[in-house]
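Two complexes follow with subunit A in common, the first pairing it with subunit B and the second with subunit C.
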Partner chain A sequence: MEHTGTLERILRAVALTLVVVFFMFPILWIFLMSFQTNETILRVPPSMVFEPTLANYKALITGKLETNAASIEINFLRNLWNSVFLSVTSVSLALLLGVPAAYAFARHKFKGSEDIAFTLLSFKFAPPLLVLLPLSLYFQKMGLADTYIGLIWVYQLICLPLILWIVRGYFEDISPDIEYAYRIAGHSWFATFRKIALPLAGPGIAAAGLLAFIFAWNNFIFALVLASADKQPVTVGALAFVTASGIQYGQIAAAVVMSITPTLALALYAQRYLVEGLSLGAVKG
Partner chain B sequence: MSDHILSLSGVDKFYGRVNQGVHAVKKLDMDVRSGEIVALLGSSGCGKTSTLRMIAGFEEVSRGVITLGGQTINRLPPVRRGVAMAFEGYSLYPPLSVRDNIAFALKSSSYSATQISDKVNEIASMLEITDILDRYPSSISGGQQQRASLGRALIRDAKLHLLDEPMGQLEPQLRALLRGRIKHFIKTRGLTAILVTHDQAEANALADRIAVMEDGTLQQLDTPEAIKDRPANLFAGTFIGEPPMNVFTAQVTVSDSHVHFSLPDDVTFTFETMDFSPAVLDAIRHRTHLVLGVRPYAVRRAPSGVSATVAVNQWLGDQSHIAADFAGSSIVLVEHDRAPVSRGESIQLHIDPANLHLFDHTNGRAMSHGPNLAI
Partner chain C sequence: MTTVEVSNISKRYGADQVLNDVSLSVASGETLVLFGPSGAGKTVLLRVLSGLVQNDSGAVFIDGQDMCDVEAEHRGIGMAFQNFALFPHMSAFANIASPLDARRDSPEAIKTGVHTVASLLKIDHVLEHAPKALSNGQKQRTALARALVGSPPLLLLDDPLRNVDAKLRFEMRLELPRLLANQGATVIYVTQDYKEAMALGDRIAVLAAGQLVQLGTPADIYLKPANLNIARLFGDPVINVFDVSGRRDEQGVYIELSSVRLRLDESMAACVDKDCVLGIRPESIQFCGSDTAGAIPILIETETPLNEKTVTLALTTGKREILISRPSSTTAPDSGQSHIVINADKALLFDKHSGQRIAADHCV
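After this line comes the complex of A and B, so read on.
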């Protein structure tokens, strides 16, 4: 029995290592690329040995991209700020709208409530390209094209369904009697929502918010079509490194490292909530 | 002049649309007096918890009126009804210790911190949870959580205390101990309480009156003794009492001197007409069929009587339960000594007419209890 146990442990360790290498290697390679020049990146065969340089990061921070042919102005830090602003604002708004809505769907069954909840979820089913053309036309007519408000609005398509469905599962998991006990002790339903339901669903709300933040941060297509360069996030901003004189792999790698750092840090910090929230959402949703 | 603190009149509860959804509570009329403990007793799904929740304000009243302290509360939110409730599912606040859970409802009251602490300690001592006051709900057993939940409800100064299955999770010994203490606590403080339970021992021990419910309908509301001695109908008769009342459908014949009840397998009970009041005789004279009910402890073995064959004889430590094949079905009798009879043995049974209950065989309504007409 003990022998089987050891063998099992070894096999499990090997399998886990393979999985980790498979998923982590691209990130490691990009991290290494970000400290190399285009020449060392493109050499054949590739090598792990190189002389590290901070030139790529310097180019991003100073906004001057030196290519073989010319010097190009880029505004990567602006893109980074746009990403932070758009993601934080969109998620905040989605939490503000989605959490009370999730509570309502969890606690108050009314005619058509399931249909409404499902319609909101169905926003996630539709491919973004399907809605982009009508959206861009509407946005131009409404003066929302190339505005932060327009982008934040359209980002609700990404954030709101996620938050609604994950948080709804959490609220449904809390016994209504806990809230009744609080209400009967002399509190209004709103006080009960704030003091009992919200804190108890805290981990779920955190997980949903985190996930929505990652999805919003990673969005590419909406900002590509609906915003111009000064409103675009890093995912679109990275296109600037595809220049007439070639693809600037080093700068792209540095941009990727800088753009994934906030979400990676956030995910690592709150991974326990994320796993809990996702698994509960999967079961309940 | 009424001393009723709570009154339900014509209360209906539909889940779904009125007249179309599930009809959980049907035309309930019930009054609770100030300082009284009333138990809502019935099997699962009989409407007792729905009734409690309508009183608390967690369920809408589909039809009818509920008044508390003279005020109609149908549309009043729970916060303004002035009721306290112990929940079947405990529903303690997870982030608070047991002490804080119990004290919680008093935080916004006019009591000082010392008074609150004294009250919590008193309740905790009564409920045997002093040693877990500083622990959190997730780290204590279901029985302890239930007692904490009970404490949280009882500590409040409310017009009405609603207790939903308050002792379902407790060990039998602790349950017996706490029944006495809780009743004493409620009575000495003059509190009014409604208790929901499916345990008739709990209802008998705690309640001044029991409301027997079945299928959303109130079957009888009376003292435990009255329900046992004078059940209003067949359901109340068979639901209350352990083991349940023996019932047999019988053909009835009334002559000048005797009343004969003929059961299947040629079994006949014959009583003298003087065993029944004239009113009872008048009521049954023109009937062809009736339902006879007799409690197991009122069936006696006798040297002569109607024959039955012992199927099972169980000694429960303090009484014998004998089940015997009788009149095409079975009859159960209880004796307080160890009965020296065994399976297959023939025994003679005697029923004292004073212990006989007669029910209408079409609608189950009680017609008589012993010699007297049922009211």
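After this line comes the complex of A and C, so read on.
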């Protein structure tokens, strides 16, 4: 018995290590790459030993990319700002629209409400390109092409269904009796929504918002098609490192590190709120 | 002080007719118990009264005012829910304070109000706790305090003792009538427990399958149940029932049980030549000697002492089971052959097919 237990523990540790290495190694490697020049990155055989340099980060921040052949202007910080701006405003708008809608879908079943909710979800099924090509024509006619407003609008395709469906589930988990009790105590339905439904679904709203933020941040295709360089987020902006004189692995790595840092930090920060979970201890099933 | 008038309320969910043309009125300051098995529509009726559920037809009048267009928060009621429905993210204090909050009372008034009702319900020491840190009994008292704190003229209590243990339920059953009387409010109380109904109700309304089947004082319902089902629901141990048929001879109406004739009052003449069900409460049966008139021979199976009373399970000569209840202080044979005599005045007779009670003063 003891023997099996030990063996099991060892196997489990090995399996866990393999999984962690498999997922974490690329991140570690990117992190190491961001402190190297192209020469040290591309040497054969690769080595973990190198002289760290901040040149990549410097190039990104100053916006001057020094290659062997020439000095190229890049605007990475602008891309980073675009990412932050687009993601934050898109998620804020989606929360503003999606949370009340989710509450309505959860609490007020009406004829066809399921169909509407499903239609909204189905936006996520369609391949983005299918929507994008006609949309880019419309946007040009409407003057929305290459505008933040246009992009934020299209980003709702990513954020809104996600928030709607996740938050709706959380609202449905709240016992209606708790809300009834608050109404009976003499509060309006809107006060009930604000003081009971919103706080109780809080962790769910945070989770949905975070997830929507990550999806919006990672989006590539919408901004690639619908915006030009000065409105594009980092995902698209990173293409600039593929230059005529070669691929700037060092800068790409530094750019990746800089662009995943905000989402990573946000995820780590929000984690404790997400784990906290709903405490509906006052209600018996 | 508030009167409540429910007239012809119906409600259906899909194909389910949960309330079917229910009408009743509650006098000011009265405690009316809505009693019935689960699924009878008690909770739905309470929710229609509170404005949380929209009725399909009929009307609710509180103090003579049609509540049709009055939102739940403006009906001036206090309500306690079966599952407590405490706000999990607020302290017990904030939970209890919420009705005062909604009225925009001053912080001092809220504090006094909450502490007064909390000390009345003996929960003043846990006011700072979150609901999940409270015991079931404390949760139930917090929910009750929240319903009482605003001194609403109408209190709706939806089986508030359902989710608490037997000991606490007994305690609260004693405490509640005094508490409700002090409030002076009109109370509508939902329960499935006949003892609670008998202890708390000035009158009891019995619902079954969405319909009002009987409305009367606790004594009325116990002694003159409208039908067999109600007779079965009230009383512990449960009423004895036997299939019999009414007969008449020159001396009057009678039924036969184990070849012994049980004389019935002439008011039950409607049972003659009909398939009937005889209902006898276990406490309406006495042990007796074999020479007593009308003595029925039985064979005692088991005896169960229940503190103040003792219940005996016996078999008649026709192998039918019969329960006999007697005060534990009295003595009786505890095994073997014995005889019993049935108090015919207390016997209830029901139509076998409709289940309705047969009596001259037949009224619901």
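Criterion: the second predicted complex is superposed on the first by the 268 of 285 C-alpha atoms of A that agree within 3 Å, B and C clash if a C-alpha of one lies under 4 Å from a C-alpha of the other, contacts with A are read in each partner's own complex, and residues count from 1 in each chain.
We adopt the following convention: a residue touches a chain if its C-beta (ideal position, glycine included) is under 8 Å from a C-beta of that chain, and two chains touch if they have at least 3 such contacts.
Values in this document were obtained by computation on a predicted structure and should not be read as measured data.
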- Message: By the touch definition at the top of the document, which applies to A:Val44: first (subunit B), second (subunit C), both, or neither?
- Response: neither
- Regarding the shared-chain residue A:Leu200, is it in contact with subunit B (first), subunit C (second), both, or neither? both
- Query: Given the touch rule stated above, what does A:Asp177 touch, subunit B (first), subunit C (second), both, or neither?
  - Reply: both
- Message: For A:His187, using the defined touch cut-off, is the partner it touches subunit B, subunit C, both, or neither? Pick first, second, both or neither.
- Response: both
- Contact breadth on subunit A, by residue count: subunit C or subunit B: C
- Query: Which subunit A residues contact subunit B in one complex and subunit C in the other?
  - Reply: 175, 177-178, 180-189, 196, 199-200
- What residues of subunit B sit close enough to touch subunit A in their complex? 56-58, 77-79, 81, 83-85, 87-95, 104-105, 108, 149, 152, 156
- Task: Sort out for me which residues of subunit A touch subunit C in the complex.
- Result: 175, 177-178, 180-189, 191, 196, 199-200, 278-284
- Note on the structure: Within their complex, subunit C touches subunit A through residues 47, 50, 52, 71-74, 77-79, 81, 83-89, 98-99, 101-103, 130-134, 139, 143, 146, 150, 163
- Note on the structure: The residues of subunit A that touch subunit B in their complex are 175, 177-178, 180-189, 196, 199-200
